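Residue numbering begins at 1 within each chain, and the chains themselves are lettered A, B, C and D in the order written.
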Amino acid sequence: SETEPGGEAVRGYDFRGEFDLGEMLEAYATTGFQATHLAEAVDIAKQMREEDAKIYLTLTSNIISSGLREVVAYLVREGFVDVIITTSGSLTEDVIKTEKPFKMGEWDADEAELREEGINRLGNIYVPSDRYVWLEEYLYDFFDDFFAEEKVRTPTEFSRELGKTLDDPDSVLKQAADNDVPVYCPALNDAEVGNFLYYYRKQHDTDIGIEIMADYDDLIENGMLADTTGLLVVGGGVPKHHAIMTNLFRGGADYAVYISTGMEGDGSLSGAPPNEAVSWGKIKEEETNYTQVQAEATLVFPLLVAGAFADT
Amino acid sequence: SETEPGGEAVRGYDFRGEFDLGEMLEAYATTGFQATHLAEAVDIAKQMREEDAKIYLTLTSNIISSGLREVVAYLVREGFVDVIITTSGSLTEDVIKTEKPFKMGEWDADEAELREEGINRLGNIYVPSDRYVWLEEYLYDFFDDFFAEEKVRTPTEFSRELGKTLDDPDSVLKQAADNDVPVYCPALNDAEVGNFLYYYRKQHDTDIGIEIMADYDDLIENGMLADTTGLLVVGGGVPKHHAIMTNLFRGGADYAVYISTGMEGDGSLSGAPPNEAVSWGKIKEEETNYTQVQAEATLVFPLLVAGAFADT
Amino acid sequence: SETEPGGEAVRGYDFRGEFDLGEMLEAYATTGFQATHLAEAVDIAKQMREEDAKIYLTLTSNIISSGLREVVAYLVREGFVDVIITTSGSLTEDVIKTEKPFKMGEWDADEAELREEGINRLGNIYVPSDRYVWLEEYLYDFFDDFFAEEKVRTPTEFSRELGKTLDDPDSVLKQAADNDVPVYCPALNDAEVGNFLYYYRKQHDTDIGIEIMADYDDLIENGMLADTTGLLVVGGGVPKHHAIMTNLFRGGADYAVYISTGMEGDGSLSGAPPNEAVSWGKIKEEETNYTQVQAEATLVFPLLVAGAFADT
Amino acid sequence: SETEPGGEAVRGYDFRGEFDLGEMLEAYATTGFQATHLAEAVDIAKQMREEDAKIYLTLTSNIISSGLREVVAYLVREGFVDVIITTSGSLTEDVIKTEKPFKMGEWDADEAELREEGINRLGNIYVPSDRYVWLEEYLYDFFDDFFAEEKVRTPTEFSRELGKTLDDPDSVLKQAADNDVPVYCPALNDAEVGNFLYYYRKQHDTDIGIEIMADYDDLIENGMLADTTGLLVVGGGVPKHHAIMTNLFRGGADYAVYISTGMEGDGSLSGAPPNEAVSWGKIKEEETNYTQVQAEATLVFPLLVAGAFADT
């Protein structure tokens, strides 16, 4: 007994006419494999916008190391994003980049040589050590003010107050501060901001601290107040889990788009596809409310933004 | 001793103005990680065109299962590709698609159910079994003519003569036949075309055969005659190795772009990055003549084509 | 000019005689690809033991979800591990498992059905919801005591005091508490322990908090006091970075073994191989002091333990 | 409504007593993630043996590059394997290794330097160029005899006759020839054996050829005669597809174990898990007759052999 399946015909983009990105992304829907998922991601993100969902953008730190920083800043500046959840490398590097750029480098550089030249390597991106010298001074000044008010602060206060001091329109922290977008970062110590906090506490006042439960409450409760939520999950780790776990309290996120290189078969949270979150109630189960694009984010995130958040 | 590294500043696409794909792809160069490699791939492919290199396009069969088939047909139709190397699923499926489309499906379908419905699954693409019924008849007719001429034929003859019978402008085989682009396929038996050859030989004449050394000689010698060669390697496997191995005879390919999901650490040919081929003399060592994009091809191959082979 | 390279001959395990695991792992050294890395990992771990290095074990939460929990508990019980760094799912799940097991399940289960049956899925592992009901009560009792002493506590205090309440010799937290092994977990809120803290704070006292800088100082300073340090990094994420970042303060870890499925090409911290940490000074550069095994941990971690930490 | 799921409790290996590999592999069944799949693989392979299934071992060429060559030779020597399907690099390299070893090397060697030193790199394995000089002479002698008999030969004849000339008990080709195990290799030209065939034909006789359809018929028909078949699929590519495609003719393989690093989401044949083959009828659908271990083969294939094919 044979059935003609109901799906659309597989057919790729037609390069015959004048090139049109919107049409190409539509053709991705019927191109198959991951292209289809990218087209779904664009559709789901558009739905988030149409329904005025509270949009959570979660980011691993290397997104800010890369040129996606400027793309994220655009999204925040234009009011497309309501919540950011990230790890502390993002904060460190966004601040540095307001003053001094990172540089394109090589994956297979000689590490010992780099070490001698004072160049730190992040994949194919170089961060010269002088950036951290500058950052140290910048942060010590900031800490003086920040901890003067109160000794024990939260990561969202940290990122907001730090963002306010910045002056670069392509800074994610600055745009977040200006647009009232909270930046959650529970493991705030786990990067150079943590290192400088360590030195600062030692030299000034060991009663200074970072408390993380108040932020968690906020994140949960703001989620519960939202009519509709949508997740843009770029990379995995703590930011991804923070978003889906706190959406559990409202019965699951309404929409979710994951962009990830994670491997499902390792049982990791980072590799878990959106449907795993359904069993937990972290994402709602509907027909077309979630997808995952298996891809390195620098390749596809700009396309997602072009397709769903820009006038192309 | 500190050095400011010489590379360009890391900086992503600026979504402020009107969207422009060409500018976005240029911004990929300074976005880092794989985006930088895609920008390199576009540049290298442009160089291949400028220097009028003999361009080898190698494809795994699933590229033809997907909507990239139409994109490949475009490249051949426009004269951008000089040699195709692939596996036999490509031939099988390109022919079917001239008559009946594949359909979009689901990765996690119930396999036993699909089996009952006569639907074969290729990732998230469905191929109903009636396609193979149609193909059988089509191929038997073709075989009658093809083997009437000579009993032992080569894969390039097979694909050329088969292509000539087709009538779909989006067929890769048809375009290849029309544009004198040879289609190499050493393991011609390893797909449904092989199965139908098996039945046909059994019923008609077991002296019918496919001989693979003549093609290999051609491929080597045509490579040696070329002033400049460039490889567009989409996926890995036999097609990839066939291209680099035969370029060894001319002292290595001049340009190479790989698009792959392969894993370097498994020591596979499919996962081997272009620099491994340098030690063998399969690719020439120069500054900027090769790159690899680690990505699923449906996501990035249309962008490569848009950037290097279309007027965008 | 040809050179015979100096390396050992490639040669695999000889199954002719009686099987011997130690010999098989030695043969891995000359088997190539990742097997060679596993053999290196065993050697490096043995060196850590011989030099009485302070051993940091970093774990993603899913390691505790899996049967590696018992293997980790063994390492702690036997005194082989000095510091644990992990994420909060580990704490949550280690406690549950002292009372009720997780169950083997299926990757491709029907999520909506699981949801109805109250079964949460973690890869191919099932966690029935009643586990969290039990946990809630257990933790509320624990919180009463824990926060009675002081309102703002640290993650290491949390795991130590919680561990002391447990009674299962296969509990990692219990063994850590008994053997004075601190368990660092900066993003303590990012799991069910965080959820129950949220409820508890709401019901009892919102002044309760978790402060994360004091732990960071300890981790740095204990690292600086150590003569020699060695890292066993299982999975990536915050735990991995926490270990290498704090070893920066002592000029880098002396030894490092990574087990990871991460992808280098995505520029992520999780995918970064040990040599990237060399440019930062997070791992010392010597001949044979670090390696990475690209593998899912359940496959190889027991072999590493068998080879370096058990009498086989 | 809550259900206690029926699966076994998740629980890892107990290192307390004396180490026992068999018990460790049993504990893998309840360790979760990929360890569970490796335990399934051992069970399924044991079932193949118990039911005296015709066992097909498929191999990518790099398996022979690595120390798994000796493990494969063991399996053939002991009569555990009935059919081998591979690619031509395997043939090339098995012959070389009878005379001269490959050497352990480095992944990140300087390629241009290697090139000057005449060292070819295969992952972390080095093959000095003199091996190919030796091979050339060896093969030319072999070709003289081989093509004297008949001008157009098949890949299975090629590997059998070549194997008969070899004298190394660890040679896969020799053991296969001695034990009447056919070695299928449709794309026989795609490696150095092909290159030397090219030169030889040019110098001696261009009527010499390799015909691939006769082998395909044999493979299909021998499969149809078997009561029970079992597949051990190591890596992907043509060998994997050749095995499952020809098992289609008998209604599917009865048992299948895949070991692979392939990615499902790229829609490739190499990444397709066994259940995809069910929809095609290439593998039979039963409860526990197939599994896949997502792993680099050098790490787990020796364990599979130890668990199912050796007295441990």
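Couple of notes before you dig in:
To be clear about the criterion, a contact is a pair of C-beta atoms (placed from the backbone, for glycine too) under 8 Å apart; a residue touches a chain by one contact, two chains touch by 3 or more.
None of the values given here were measured: they were computed from a predicted structure.
Each step here moves to a touching chain, and the least such steps from subunit A to subunit C number 1.
Interface note: subunit A and subunit D, two copies of one sequence, contact each other through mostly matching residue numbers (shared numbers exceed half of all numbers used).
Ranking B-D and B-C by contacting C-beta pairs places B-D first. Most remote chain with respect to subunit B, judged by CA-atom centres, is C. One inter-chain figure worth recording: subunit C and subunit D are separated by 34 Å, centre to centre, where each centre is the mean of the chain's CA atoms. A straight line joining the Cα centres of subunit B and subunit C is 42 Å long. A separation of 25 Å divides the Cα centre of subunit B from that of subunit D. The residues of subunit D that reach two or more other chains are 32-34, 62, 65-66, 108, 119, 123-125, 263, 265-267, 275, 294, 296-298, listed in rising order.
Those residues of subunit A lying in contact with subunit D across their complex are 32-34, 108, 263, 265-267, 294. On the subunit B side of its complex with subunit D, the touching residues are 60-62, 65-66, 87, 89, 107, 109, 111-112, 114-115, 119-125, 152, 186-191, 194-195, 197-198, 201-202, 206, 208-217, 220, 235-238, 241-242, 245, 248-249, 261, 263-272, 275-276, 278-281, 285, 296-298. Listing the residues of subunit D that touch subunit C in their complex gives 1-16, 18-19, 21, 24, 27-36, 38, 62, 65-71, 74, 101-105, 108, 116-119, 123-126, 128-130, 275, 293-300, 302, 305-306, 309-312.
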